[in-house]
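Heads up, there are several structures right after this.
In what follows, subunit A forms one complex with subunit B and a second complex with subunit C.
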Partner chain A sequence: MSTRVTKEKSMLIQKEMISSLFKELSTAKQTGKKVVYTFVPGNISELIRAFDMLPVYPEINALQSGMRKKSGKFIHDAEKIGYSEDVCTYVKCDVGMILNGNIGPTGEKIPEPDLLLLSYTGCFTFMKWFENLKRLYPGVPVALLHTPYQEGHKITPDMTQYMVKQLKEEVIPKMEQVSGKKYDEDKLKKILGNTNKVEELMVKIFDTTKNKPSPIDAYFAGVYYIGPINIGFRGTGEAVVYYEKLYEEILERVNKGLGPITPEGVMEEEKFRLVIEGPPNWTHFREFWKLFYDLGAVIVASSYTKVGGVYDNGFRVNPDKPLDSLADYCMNCYTNLNLKQRVELLSNCITKYQADGFLVNSIKSCNSFSAGQLMIMRQLEEKLDIPVGFIESDLVDPRYFSYSNIKNRLESFFQMLEQRKIIFNN
Partner chain B sequence: MYICKKSLIIYFLQQNKIYDLEPLKDILSKCEEIAFDLDFTRAKEWKSQDKKRVIVGYMPIYFPREIVHAANGLSVGILGGGDKKMIIKGDAYYQSYICHMPRSIIELALDGNFDEFDGFIFPSICDVIRNLSGTFQILGKGKFAKYLDYPQNFKSHIGGEFYEQELQHILDEIYKINQIKVTPARLNESIRLFNKNRQLTREIYDIRQKFPWRLTAADVYHIVRAGYMIPVEEHNAILENVIHYIKEDINQPLDKIRVVVMGAFCEQPPIGLIKTIELAGCYVVEDDFLLGARWIQKDIEEIKSENKLLSTLSYAFLNNSTFSSTIYDVDNPKEGRLLELINRRNVDGIIFAAPSFCDPALLDHPILQKACEENDIRYVSFLYNENTGQFKVIKEQIGTFSDSIKLWD
Partner chain C sequence: MKKYYLGIDLGSTTSKAIIIDEEDNIIGRGITNTRANYLVATEVARFEAIYNARFSLLKMKLEDEINSNPEYEKYINDVESAFQYLKFKYKLDKLYVKFKDTIESSFSGDRKENILQIVEKIVKTIGPEIRDAYLFSNLGNKNQFFRDIVSERYNNEIKKLDPEFFDPLMLVYDKSIISVENELTEFNFKELISESIEIMNEKYAKLDETLAENNSSPQFYAEINLLKGNYKKIYNSLKEHLEFVATMDIHISNMVGTGYGRALLPFPEKSIKSEILCHAFGAHAIFPNTRTVLDIGGQDTKAIQVDKHGLVTSFHMNDRCAAGCGRYLGYIADEFNISLNELGPLALDAKKEVNICSTCTVFAGAEIRELLNVGQKRSDILAGLHRSIVMRAISLLARSGGVRNEFSFTGGVARNQAVLKYVSELIHKNYGDDIKINIGADSIFMGALGGAMFARRSMKNLALTDK
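Take a look at the complex of A and B:
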């Protein structure tokens, strides 16, 4: 492991983008910019940007609180006012953060919403979350966009039309009312043009893991790569610049035959290639990652990086059909796929990126991912004869991260993979 | 008052009238047996009488059973195994932090209890039920396993239209099996029967609201749950019979507080828990145990034209549904509807009883409990699983709650 860590240009660009967004948010009330709270899956921030409003993502606030070791207290504070220990910790962390002044990751206050955009994609708890936020922000309008589930393994024209009607008659009128601006379809088309470019670049970036060694870790580093597109930069010129730069850097790594960059430098020996299902733990993110790179394990594909949109199967937004495209995008997020589609997607990743094993990080408070994971695991094991592993943690509740349990399970899993390699090599 | 027991025949003498309660006892006993028949004997027997009959299982909470009835089918409620099914295989499908009900449903499916079922409906109430639909699809259970996406938009030309499309998909699936086309005449007959079923069920709840001592909460539970398992015509006859008895001035009131139980709409509480609540000093005068049976609050109108076959079912869903943790409520806040219910049922307090790990129910609790506090309404809350077997702690908790209201309010 190389010890020298230098920040690459793309990292600096991303840091600057995030910092400027939170700066802009912190002064939104002074500048008169309207603020829209919404979610990552089914993230129609292009439409928000088309009205010159700024997006805020409560689950991003929660995960950043987790990384900054603040989520434990926030969750505790939410539980004190009646939230059950059993429910989604993102919700509790967000509620606790609001109770504590709603201070964002840069130390600046996140402004109160002017609109709650409940884009209800792939996670039923989102709806419950915003019902609670509605009570915390009385008087703030709510625009609901209900996304039909892909229960029949496809998006039908009826489903798209249902969403388009909601966009036209519910979401856009409320955005017009809040922003004081008329809907400008040409502007939206232009913004979606940038999204299309970014989607294309993202596919290329995550496809570089087919190289050996993989130049990137598609999970632990992957969550940084999906950052800009998920936290409000969909459709922006900055996002195009960021992803172009990132792709250029990754190609350079491929040409040099380099492995992924970790917090402790470049991973020099790639021993195991894994596909991982489920979100990461945020409260102990670095320790969690270290458990993998210390043992030479690199993640070549993950379902979590598709939570804000699945592009593997060819979907791209079409700027010429802006509202239909936004609808189809929402329906195409990972957790809005049914279990058969998830199995198929993961199976393709395992095959395409030549994974040695499949691992589930099952999240205690995320039923959208967790319910059905054991079925997925069983299916992949039977279908591909691939070793499967299973660990458990939580999103942002530090009480549910058991370092030694996870370490024990991972070590056993990696030993199994090692033995299997020896047997196959012989 | 005089109660005489003679060789298992019960008479109840009140105000110089003698009531023979033995037939009522028989009905209640039959309902209990039907309600927990995990082999679905009556449904399977019904299907065996005609090759064109189908059975469609549906998960909580609500499903418009009229459409299956009109298509020569019987829709059967799948409410989990409760405390009557040992889980062996089901635990291999769900992690410990996922509610209990899906694992008992899987256990039943893998043990062949649903083998004669033709299809399954999974209404969109939470992520667990949603993903259970995928598990059924992968396991190949039934000829179809349909996730029924409830619209969360309540405009007839948006959400209503989408809902009708969803229902039409179900009819299309049944048509593939038995080639029976649903006509307005067939659907209207079904609507009439289910309207009657809801009227009778409401009547039982209304009588119990005034005279909760005439039937126990467990009895009511058995009666309503039996309706999830048998043809509606048979259930209507049972309900009429029960009403005939409970209209009379039977049994004696006890010194108990009147409560609403909220939060138990999906994974059902074990019957021992319902009995414990009443034994601990409460009359349960309102609940959401089997909410689907009373989901639609008014009669559904009959269809007038074939090209609007599903329009009145859709209208009823959009406009006459009860409130629930699974329906987006911003335009009609649930705390207001709960307060209205409390006034209407004249209750002394609320018991929030929710299954462990149930996000929809538990994320409503802070909202509802805040409303209780602001309106000086007493409440208590606890969690359960469908197979909870120890009720001592809950009995003490409810007993203290009941005593505190009786003594101090």
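Take a look at the complex of A and C:
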């Protein structure tokens, strides 16, 4: 693998943003900034920011540790104190990190939480995770925001009101108490104004994959593109600047007819267009990506990039209705959609972005994503007559990434797509 | 010049080669056990396929004569049996030399002499036994490998001896077999054919006494009677054709490699294909209505869905664990101290199926010993094991989208009759009695066949559907 890695300019901006955030976090105790631990799916960071507090996402720390090859030891340490092999590896990585002094992925200490904001959108492990954090940080208040699952295929006004009530009666009072500040709705509206701009830009960015060649990879590079909004910059001015810059860069690529940028440079020939379901593996992220770009496969849409918000169906936050918007945003996250909605969403992506195949990367230790994947795959296969593939790995447990097994399956999958092209071209 | 295409399927347990002609007809099959050396295995399989192709081409050339004179075919088959025996004998002679070297370097004094004598006696006993099995019972067509043929009989001879000889004799065998197995020999087809004919002529000349000795079946007797007193005439009519195919150039225009070890084949990248595609394509060629393929190989099981063109639409493979694959059966055979070929028939003798819970090969070993201790019968345990293997395959099929009509079962494990029994039973139980189950005599060759078919198409730049 090449040691020289090509980076887009926006990636450098992002790197700067991340490093400043972790710096700010590491000095939070000295500067008196309050810290809120919460989760990515359905993250209501705008509300946290409205109280001038800083968000920390344990699963982001875990995935970053995975990418930096630190997760193996953390998981091992969590297992040593009794966490079973089957427990979500994000949880074990986070617990292991705390056991090792809570030193974050950038090498700086992550401050202890002042508030545990549990919004468990579509993932019930989140609840258990915070029960554990509560024991590790005794005395830290917990605010619970229950997001009703979209079992009935839609969000009803009752569901929104149910959530708004929780925000008003549970979440906001706890935030006021922890921050010592009064809830300022005008400030929240202003922050949500930025979110709205970012949401528009994100939709445009991920929609550029309709071009041939696609100017971006909506999975491997996509995880970088969703970075800022998922690691604490929702509603910030920095996020707006980043996404404007990113969109500008991508448009430039579209105008030049360029393919996506990979760690080894621009992809010269787009051979296969795929839609992927499931998170990527983080411990071998580069090797995993390389298996795709080496064979000219570009991902034109992925469910994972919608984990922090689904905007395909027109939803945007409305700054004039701040609490209703936060509620609807949470309920609209990918893992909170029912299986029928997920099939529809993926089906639209496959059609709209003219994918040649659909692939599932099933995660051994992630129930919220893996449940229903085989059914989703079957339904898409039947509905669209599209070739489908299935591989298995894990989020951050390096023991479950079998390079040769995955390579073997992917090779077969790509050859399947190739043969099909030969047949249809004749 | 006619063009031929080669497909090589380098599996974890066996390596297969198939040669096809311009019409996708199979004209040559070769198979060997893979063991440690992939490249040798590939070459052995290829040579075998070419030898076999010469006999097939001879029969194709003489199609009209064979139709009017059935004894011609019998004669050609007999020559092929003798040919296979000679190849075997060459290796057995080598093995005997190796045995002596091993004994020389492993033992001393009286013990050495003693072991030497025993081994000499064993070789002199099993040699003629195997010769008869080739010449009279068609051993060469039973897809058994040199190691299996020798070890089965060698072990039987050891069992007759004092147990104190067990360890030293096994040591001699284990230390000698691999180097002989991994030695690549390309035979001169023409010379070997002449020798084969001599052997056959000798066999026919002494037919009466041999038949009495071998207590052969009436049908066999009738077939052989066709040749008795007639063989010289047949030989004279076939001589020229035999010489022609012995020296003709079998021009391999293109080849494709597949299977577990495909990355190790010295083929260009475009000539390496995934075994998923090859198995499906091969199975679809033999059974054109195939929609679901189950392939149980040495270390993976594949459930493959194909469309009407033989094109794969999705597939599922076992991940992380190879329990339920061919290697599992090999391990179980070792646990029972029997050969792989004996597993299926023994399981079919069962009166009931003992429930085997283990989903892990190694744990299954412990479970078997426990079941034997509590008095369960070997055949009943084996029946349970075969059933549990098939249950795993059924679960994989379900994950891959189920079974659609028609269903084709391929891979080395498809030769095991007990596995077949449970596959049929469970497929019909789960997916209805209307599902047609295809199992061909060539089931183990499907991957190699698919490879050869891809080789022909890529050379001709043909789409898959073009004949």
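Please note the rule applied: the second predicted complex is superposed on the first by the 419 of 426 C-alpha atoms of A that agree within 3 Å, B and C clash if a C-alpha of one lies under 4 Å from a C-alpha of the other, contacts with A are read in each partner's own complex, and residues count from 1 in each chain.
Operating definition for what follows: a residue touches a chain if its C-beta (ideal position, glycine included) is under 8 Å from a C-beta of that chain, and two chains touch if they have at least 3 such contacts.
Since this is a predicted model, take the numbers as computed values, not measurements.
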item	value
Contacts of A:420 with subunit B and subunit C, given as first, second, both or neither	second
First (subunit B), second (subunit C), both or neither touched by A:405	second
Which superposed partner A:12 touches (first subunit B, second subunit C, both, neither)	neither
First, second, both or neither for A:128, with subunit B first and subunit C second	first
Which of subunit B and subunit C A:389 touches, first, second, both or neither	second
Which of subunit B and subunit C A:88 touches, first, second, both or neither	first
More subunit A residues in contact [subunit B versus subunit C]	B
Which superposed partner A:374 touches (first subunit B, second subunit C, both, neither)	both
Set of subunit A residues, in rising order, touched by both subunit B and subunit C	374, 392
Subunit A partner contacts - residues on subunit C that touch it in the complex	273-277, 309, 311-317, 319-320, 399, 401, 463-466
Subunit C partner contacts - residues on subunit A that touch it in the complex	374, 377-378, 381, 387-390, 392, 402, 405, 408-409, 411-412, 415-416, 419-420, 422-423, 426
Subunit B partner contacts - residues on subunit A that touch it in the complex	81-84, 86-88, 91, 118, 120, 123-125, 127-129, 131-132, 134-135, 142, 144, 146, 148-149, 151-152, 158, 162, 165-166, 169-170, 338-340, 342-343, 362, 364-365, 367-368, 370-375, 379, 392
Of all residues in subunit B, those that touch subunit A in their complex	92-95, 97-98, 102, 124-128, 130-135, 137-138, 146-147, 149, 151-153, 155, 157-159, 161-162, 165, 169, 325-326, 328-330, 354, 356-360, 362-367, 369-370, 383
